[in-house]
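Note that the chains take the letters A, B, C and D in the order they are written out, and that residue 1 is the start of every chain.
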Amino acid sequence: MIIQIEQFIKPKEKEIILSAINKIGYKTTEVKTQKGIYLVCIGKKEFDIRYIGSLDGVEDVHRVSEAYKLVSRKWKVNASEIDLGDGVKIGENNLTLMAGPCSIESEEQVEKIVSHLVENKVKIMRGGVFKPRSSPYAFRGMGLEGLKMFNRVCKKNGIKIITEVMQVSQIDDMIDYVDVFQIGARNSQNFNLLDALGKVDKPVLIKRGMSGTIDELLQSAEYIFSNGNEKLMLCERGIRTYETAYRNTFDINAIPILKEKTHLPIIADPSHGIGIREHVPMIALAAMMAGADGVIYEIHEKPEEAASDGQQTLNFDESKQLINRLNNNYLLK
Amino acid sequence: MIIQIEQFIKPKEKEIILSAINKIGYKTTEVKTQKGIYLVCIGKKEFDIRYIGSLDGVEDVHRVSEAYKLVSRKWKVNASEIDLGDGVKIGENNLTLMAGPCSIESEEQVEKIVSHLVENKVKIMRGGVFKPRSSPYAFRGMGLEGLKMFNRVCKKNGIKIITEVMQVSQIDDMIDYVDVFQIGARNSQNFNLLDALGKVDKPVLIKRGMSGTIDELLQSAEYIFSNGNEKLMLCERGIRTYETAYRNTFDINAIPILKEKTHLPIIADPSHGIGIREHVPMIALAAMMAGADGVIYEIHEKPEEAASDGQQTLNFDESKQLINRLNNNYLLK
Amino acid sequence: MIIQIEQFIKPKEKEIILSAINKIGYKTTEVKTQKGIYLVCIGKKEFDIRYIGSLDGVEDVHRVSEAYKLVSRKWKVNASEIDLGDGVKIGENNLTLMAGPCSIESEEQVEKIVSHLVENKVKIMRGGVFKPRSSPYAFRGMGLEGLKMFNRVCKKNGIKIITEVMQVSQIDDMIDYVDVFQIGARNSQNFNLLDALGKVDKPVLIKRGMSGTIDELLQSAEYIFSNGNEKLMLCERGIRTYETAYRNTFDINAIPILKEKTHLPIIADPSHGIGIREHVPMIALAAMMAGADGVIYEIHEKPEEAASDGQQTLNFDESKQLINRLNNNYLLK
Amino acid sequence: MIIQIEQFIKPKEKEIILSAINKIGYKTTEVKTQKGIYLVCIGKKEFDIRYIGSLDGVEDVHRVSEAYKLVSRKWKVNASEIDLGDGVKIGENNLTLMAGPCSIESEEQVEKIVSHLVENKVKIMRGGVFKPRSSPYAFRGMGLEGLKMFNRVCKKNGIKIITEVMQVSQIDDMIDYVDVFQIGARNSQNFNLLDALGKVDKPVLIKRGMSGTIDELLQSAEYIFSNGNEKLMLCERGIRTYETAYRNTFDINAIPILKEKTHLPIIADPSHGIGIREHVPMIALAAMMAGADGVIYEIHEKPEEAASDGQQTLNFDESKQLINRLNNNYLLK
């Protein structure tokens, strides 16, 4: 059960509500986010929920039987929208595009991509400065200095930034330079990182784990939300299967199912989802058609020369064409 | 290496070609289909293919290093088209829709569905009369008598029929009553059935195995083609993964990859691909957008009362709406 | 519910039993095998099973709620034993070994292997004459003539034969030359083949499908049993997963779980289960320790020269050593 | 290429070696662990490795083409042994057992388990105080205070401790109270945690990821080793597949393959590997037989009352019986 209570509830009213829940034998977690105060109550006894609804100070109350509660669409029927400022909003009312290189490599590289984005009206740039790599001997990204440069060039041009955070200790250093924190597939169940990102006021995009279930992804989001941050979006990026004809199996089914189960925006990552440059646009279009609220994909001036992931990266012409096709079909959909 | 030879090649010319291949040490399989005569030559030695090309009676010659040869797009760059007669053609030039119930249940049921199809300009009806069932105690379909009734109603209304054949001994009984034979997921590598279907002149749709690879699907098609039947199409219907939030994982990636690798038409089955009625349209639209040449899906007047698969079956309103959305977005694509 | 009725039940008694079941609203399938007569009754209504048990002519009655019934250990608590004659029995009272080449290649090859088996007291030889191959251009086995030769050499030396049957039409031709029919992984849900093998009196080993579930394997066995043949054994041979470091993922968990769920003997195939020669013995030993009633594995005088599967085939020395280790640890287990 | 150099190499000698590598165009990482100094050299050019071997100060040199280098058995042919002190050693010369509850719950619980371990000569106790849980609302363990109590009881009785560390900031707090740090499946590719554990002198057990490959597990070990800590062991704990008859698919194949690829000890976790109490012993025995150097499993005085994972936890009688069977068969193996 989730109870949303009034922002300026009187202490006496709150006490009465908590005592009523206590009597039913439910355990309560109080969650205060940027947008409201919620009581998440967990227990098994049957009772008449209307009684709770009738108490003073209660704005809304719902039963939610899933393992995830606050992120469930049973609780919040209307889709959430995340406002990045300057008119950039992520949600059901428009198609959000995010593009950029796998790794931030140089100021020149960022500038060229920013120009491409500005030209094509894309408002958000992706790009990694801390790179998770299977091998300890591989390039691990430009780090914090790279992020500051990335931020400088983007701000100058009105572009928002999404980039991956890999550990708790990076959050404070990064927070002033990013618009959206990204949690990578390998950290999708790094619960300490989730807890910590729940305590800051900055939007977070959570990627599904390598072979994470849809339910686990929703519970990871619940970690962040229940710590106080409800500016969340989820990202389908392909799962690990037996098929070897491509990099990951983009789980197109996950998109309508997530849209049904949660009010959070759903973003598709076709670049990791198939991993083959010439097929990325097909998967992007398919994902949009299946209900994705946005698409995040990799671009580079010269994909052949990219420091990482070049085989799944579009060049500017391919990107421009994709943007047009996405926008045209989105209107008709 | 594949050599296409002239239809009315002189014996002497053919002898010279075969002897040339023999000298290189390649093993040759001669394949005669409805459309041409091909020599599939397998071996490892390097040699100048232009020499073969220069021989009399050779129409075309190509190297194909994949395990599948005749179905490869490296050999035949232009997409194949399958003509069912009466103007019904399956291929890249139009979007083919096939709809119908999981199981043929009664004449009344077939008539209602046929009316819906005629009304919405769908030309092909699916429906099982031999049903593969995990349990020996489950309903196994109406059998041959059901097929004859199915055929009678459809022919009267100009509708073509696709239905599943489960074993070699059924082929002769069924052949006069079907327009397309379907090979089900569980028979995707039933090599004797593949061999036998290669010896008849009737189009075949091959479903990908439960957890078949893309490469295995292409090799199954090669079985049929190399036996002499090149009226083939392939069907993506979802694969088995660890995710339990839906029935199968529709492999959207398989569509652009199959379109790249083979000249055969690719059909999507969103009903089995996700297995949840309200999400079937999203997956159908996504598949079309990713490049599918057609969509096969399950409909029933009252899905709640269907003999099987009701949970993934659309009613007529939902079907009508899907057809409109598919056609509109197909035009724009 | 399964009711075992007396072999020489009076027609009147049977009528009373059937009428009693009919009144409860259950659907009955009568199954007559080599060992008994069973009524498999399927329905949903609750009722007192003791009433059925009290009727004349009823030997035993049990509830079985699983999708598989006759093969369930809930019904038949004692393990089944399959008698191949000449003292060769497969079941819980001894460890059955079956060894031989992937493909039968020549009389000389069979003779050498038979000598090795005789020397090491292995009573059953495996060897394929009809080979399912992904590619239509690969070697498909020596066929029926090969089987006759295989049989001749084995019979002379008191060795039993297990070999794969691929389609219904082969059963009659093969039946006099085999001691156990094997159903391959790709035919694990070839329901027509299962039906047909249920109608002959010859033991059958059913391999689990490429990515078949444990439950599907049991239901495939139910197909054969419910057609009248209860001389069955099941084979774990590895499943398809994302891991590429070996051929298949041998599902060691399946062994204790199958032993719990069914009374049928369980055989392990470590050769296909890992697919790497030097590790086959480890997996064989592990499987035996986990409860397998037998092991089937591939041997060849010169694995490097085998017509197929050489990379997972043991030579005679390796085989001898494995047999000793299996027997020693089996005694202690 | 890995070059092991002498512990007290002269600066001049080292300079010559580095300059030689530099000339070939290889990139070098210097790694100093508890046991030696290694130069990991990465590059593509072919050259005569004997020249490097002939330089002063070089103890050993090997080519290693895999993505993992220092943990490869190509480099270090003899198995590593980890000494926990007081005669407790983990490696190929004995079978290491580790047992304990999923979660540390109370002093009384720990005392009872410790008695069981002492009685049965098990030297290492497992038990979680920081618990990764899918849901933010579940019990997350007793934390640091629990660990101190756990340590107090164990030290009094000569028992070593293995427990999970979830984030970098916990390492310093925990290090004085643990004998082996465990990295859980969800953190198997938490590269920052791996880096940090490479900088302490304390043994680490790395669990394979939920659906991690064998190669990824070895690269995760490489992360720690290359940071300076070579007291490492790897743990197979089951992978995620489509099968739902049990919790995870214990990958028995991984054991002989890991033993071939790496010199590090391999530990099996049958409790998570199958997740069903009555089958845990079978999987433990199978894993030992397949070559595991140790077994870690869950026990509790009353599994039915355990705070977590009760369904896969043995009671003391079952544990005692398992220990006897493991030891008996280990001797014969």
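Note that in this section a residue touches a chain if its C-beta (ideal position, glycine included) is under 8 Å from a C-beta of that chain, and two chains touch if they have at least 3 such contacts.
Please read all numbers here as calculations on a predicted model, not as lab measurements.
Q: Taking contact as defined at the start, I'd like the list of chains shared as neighbours by chain A and chain C.
A: Touches both chain A and chain C: B, D.
Q: When A-D is set beside C-D, which has more C-beta pairs in contact?
A: Answer by contact count: C-D.
Q: For A-B, which listed pair, C-D, A-C or B-D, repeats its interface with over half of the contact pairs the same?
A: Repeat interface, by the over-half criterion: C-D.
Q: Round to the nearest whole Å and give the separation of the Cα centres of chain C and chain D.
A: That gives a centre separation of 39 Å.
Q: Please tell me the distance, in whole Å, between the geometric centres of chain A and chain D computed from their C-alpha atoms.
A: Chain centroid spacing, chain A to chain D, equals 33 Å.
Q: Can you tell me which residues of chain B touch two or more of the remaining chains?
A: In chain B, 211, 240-242, 244 touch at least two other chains.
Q: Could you list, by residue number, the parts of chain D that touch chain C in their complex?
A: Listed in rising order, the residues are 211, 213-215, 239, 241-246, 249-257, 260, 273-274, 276, 278-279, 282-283, 285-291, 325, 328-329, 332-333.
Q: Which of the residues in chain D end up touching chain B in this complex?
A: Interface residues on chain D, with respect to chain B: 211, 240-242, 244.
Q: Touching residues of chain A toward chain D in the complex: what are they?
A: Of all residues in chain A, those touching chain D are 27, 29, 40, 42, 67-69, 132-137, 166-169, 186-187, 189-195, 209-212, 216, 219, 222-223, 226-227, 240.
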